[in-house]
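For reference, the structure discussed in these notes is given below.
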Amino acid sequence: MNETPSVSSTKRSTSAGAEEILGLYFPVLDHGFVSLVDYMGTDADIERAARVSYGAGTRQVSKTRGLIRYLRRHKHTTPSEMVELKFHCCMPIFIARQWIRHRTANVNEYSGRYSIMPDTFYRPTVEEVRKQSKANRQGGEERFEDESRTAAEFVKFLEDSEALYERYSKLTEAGVSRELARIGLPVSVYTQWYWKCDLHNLLHFLMLRADPHAQYEIRAYADVMLETVKRWVPLTYQAFEDYSRGGLQLSAQGLAVVKRLIAGEAVTQATSGMNAREWRELMASLGRTA
Amino acid sequence: MNETPSVSSTKRSTSAGAEEILGLYFPVLDHGFVSLVDYMGTDADIERAARVSYGAGTRQVSKTRGLIRYLRRHKHTTPSEMVELKFHCCMPIFIARQWIRHRTANVNEYSGRYSIMPDTFYRPTVEEVRKQSKANRQGGEERFEDESRTAAEFVKFLEDSEALYERYSKLTEAGVSRELARIGLPVSVYTQWYWKCDLHNLLHFLMLRADPHAQYEIRAYADVMLETVKRWVPLTYQAFEDYSRGGLQLSAQGLAVVKRLIAGEAVTQATSGMNAREWRELMASLGRTA
Amino acid sequence: MNETPSVSSTKRSTSAGAEEILGLYFPVLDHGFVSLVDYMGTDADIERAARVSYGAGTRQVSKTRGLIRYLRRHKHTTPSEMVELKFHCCMPIFIARQWIRHRTANVNEYSGRYSIMPDTFYRPTVEEVRKQSKANRQGGEERFEDESRTAAEFVKFLEDSEALYERYSKLTEAGVSRELARIGLPVSVYTQWYWKCDLHNLLHFLMLRADPHAQYEIRAYADVMLETVKRWVPLTYQAFEDYSRGGLQLSAQGLAVVKRLIAGEAVTQATSGMNAREWRELMASLGRTA
Amino acid sequence: MNETPSVSSTKRSTSAGAEEILGLYFPVLDHGFVSLVDYMGTDADIERAARVSYGAGTRQVSKTRGLIRYLRRHKHTTPSEMVELKFHCCMPIFIARQWIRHRTANVNEYSGRYSIMPDTFYRPTVEEVRKQSKANRQGGEERFEDESRTAAEFVKFLEDSEALYERYSKLTEAGVSRELARIGLPVSVYTQWYWKCDLHNLLHFLMLRADPHAQYEIRAYADVMLETVKRWVPLTYQAFEDYSRGGLQLSAQGLAVVKRLIAGEAVTQATSGMNAREWRELMASLGRTA
């Protein structure tokens, strides 16, 4: 470190996988999309940031791979903040509202104050309408049976909400301010934005949104973005699958149960120190019938 | 600093002005509200944070006032991050969407995935409907003349969008998942949240939202919150009015124009180096006819 | 939600455990300290934020406890951002440098540009000097044997670095600017700050710093802060111990190994799909000899 | 917006000015440096983010320029968050400590826990030693007269602090843990880091640090970074100079004074409603003798 280097790489590093999809629009839901519009850095830059202490130096892929796995295993997340990507996305407002809760990103959204909202709405087909889950207060995974009148009525309900668009359109032409006129449109209307995020925070987003607990419609976006990460930074993607998404977080009580099970002890919920729900979740994770 | 103190104040500091309104609900728009549910710190704590270098010590109000004004004048904003407040707010979704763009706050919002949305919608009266501005792409300040058919039609349009609520209600009873059923409701439906923010970031929010360029409906909330700040930290409030909201940011060109005007020179847009719009804005700020 | 409430609680909520230690100074290391100077909210306020959807309502402790545990188990962390605390801390500069890396906090630090640095330095005793670990590139846990010449020489080295203080002091008296004069002082010199953080981010800090991988000296601070959390929000503290600190994160490979072990299979590193280091760490966590 | 585009640009946008300096190391102070190692986006991408509402479209430079100036004038800062850059920097620890206070950046720093600190220290020449200012509690701009004994003694003091390095080096060789051994080194020792920041937050950093109130040594870094911005995004740079750095923030009182002066009124501090210091600062900004 005593000698100032005169030059490092004079080229921006390039990800072959990202280059293949740069600027392409991947459709999501009925009218939405996700497109990678820019990126900065690669797996190698994550390694480089981690090695700032040792100076640069050519490394084989296997060493990059090992270091990236080590970083994720030990939750050394700052090097993955050193690479960044930017998406152009189009999604219904009710999804945008969930998405925007991830605050460590930069956003420029289409504005219904400045511009006319588009005549595009998210509407599932009759077959796609989901029932309220009984077990799970938040989700809805189960479908209605074929030719359900309720599902058909729901789709009709959405059609009628969309039919308001024509009046919105006429009212803005008649001079009603755009910022006010739009408030009668349903939250199924599509909006769009540029969304920029570093890899660390993107993986956190994907951990929560490319997950069965997330609403189906945002998961559809997260799945496409996860595929983008796989192409862009394949070593980080694999480490993320192995150490974060594919793993299991045991509680102190869960760890104790696992130790007893390995020792061949018969453990029941009653002797586990866990409540019924936690016990059920643990048994499911371990592939056992509770 | 060499001796560890054994004790500082063993009481949380209290703002008399904040205590007066703590827990009260102030109505905003037709069905919304803002309520101060908690706060941490006072003007004195801002001073204390700034004086961490000098050790504590009793100070008269005039010294607190002088220091707080000095901090704001010189944009030393970190001491104002040391105090915090928490609101309970209820607002239409289209306002929540503008509000949430301020990322340096903590939020817990009512969830239409978990719970049934309320049957409450923002709807201006016929007299309150605003026209699209011609000068200003974003805003809408001008009202329609009396008995305008357009304004009345707009209110009818909102009524019809609200009428969808009954079908939303029946569909959720019939088993459609809440997370899906709600997407046919208009963005005028009310939601609510807890919102926590430090004073520095709150003032930034108020700078942008208690402002004529902000949409009228969010300004209605910002005005109530500004009044809360005035009661809670009166010295900071006054400094904010004097140095931030009540002042003027001159550009390099604007400063040059001001110097020439003071020197008695006749300056026109043509000789100002400013474009027509900037010139008009500067003249308006200086109380001159362009 | 259709009726605006007129009033909620008109008192700030109070934590009995926090009140007991408010304003007291707990010594850390040879000249440092940690003191809780203010706080906002309690376990009950975390529950309240989580229940914003259901309206307020009296709840028994057992329900608060259950909800708080549920939130932590499912990583619903936003309600714990709704409570906040503020510390007054004094620590050596080399510790302040590690601490400040946690960015989601507010800080006002003593300034060596404005004020004279104190004549206080961190210096371990000869018995406390630690050897460089061979296994672990970062840490240093092992002590030198009694009457080690190296340990004594190290302490003498620190004494000599501290002796520079007298010259610093004279040079500032002779007119050298404080911002420049201080640069000859060692990083063992004590500084101090106000540090404010929400509970979610504080727990993240404690997860990393009240940990055997952290440097001993910052751990000494984290331990005191963890004790503060225990007194302030006892239900959250217990959930944190059970689900975060006391648990175990299994990788996909680790989970597969655990399942095989429970099934009574003999697994070795060779058949585990894990590298030697990961295998060793897993066996240690499961209380087995590798 | 109704039709999903199939493709936008399939190339990352390139800044000619940034490409010229990418990877070059610019020396700062006696042993420090700044090097631009990567960037994402250009002036055109700021425009593109702002125009997300209107769809893409070829624009002449003059339109990009006009829009970028409009955004800055009206403090619409989110589009400038859409471009990012990454520096490799080497600076003394006392500067790193000021720099790190800017929290909205990503950092990977050389670690004295993992690695041996370099034998490189910042040491001004005798001619460069600055006196403590009397007017200004924080700064130090004035030099000592030639052959000042105090300045020479200060430089000798720094030399002696640096001489501790040899003992640090021997002690680490003798087995003292690196994390402990380093604490006797002075804060003038050089460290280095990767530092990544979006343009909006970088400009905020430069507003505060490329400023006469900042310590000379951090200004030296900020000046090089400002030059980098000028080459990378020249239109944004010019708008920043015109509307932020080169302008003047008038308080409410200051604005009133300016209006009276333009009206030809004789205003004195006594009749200005400003305190002596504010009055002096305003007169200086307007190029008048107070």
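First chain written, first letter: the chains are A, B, C and D, and each begins at residue 1.
Definition applied: a contact is a pair of C-beta atoms (placed from the backbone, for glycine too) under 8 Å apart; a residue touches a chain by one contact, two chains touch by 3 or more.
Please read all numbers here as calculations on a predicted model, not as lab measurements.
Placing every chain at the mean of its C-alpha atoms, the farthest one from chain B is found to be C.
Across the two interfaces under comparison, B-D and A-D, the one joined by more C-beta contacts turns out to be A-D.
Here the spacing of chain B and chain D, counted between their Cα centres, is 29 Å.
The distance from the centre of chain A to the centre of chain D, each centre being the mean of the chain's C-alpha atoms, comes to 34 Å.
Residues of chain D in contact with two or more other chains: 107, 111, 114. Touching chain C in their complex are the following residues of chain B: 1-2, 4-13, 22-25, 27, 31-33, 35, 37-41, 45, 48-50, 52-54, 78-79, 81-82, 84, 86, 88, 90, 106-111, 114-115, 118-120, 190, 192-194, 196, 198. Within the complex formed with chain B, the chain A residues making contact are 92-94, 96-97, 100-101, 103-104, 107, 111-114, 122, 124, 129-133, 137-140, 144, 150-151, 153-154, 157-158, 160-161, 164, 167-168, 171-172, 174-188, 215.
Those residues of chain D lying in contact with chain B across their complex are 73-75, 208, 213, 241-243, 246-255, 258-259, 261-262, 264, 278, 285-288.
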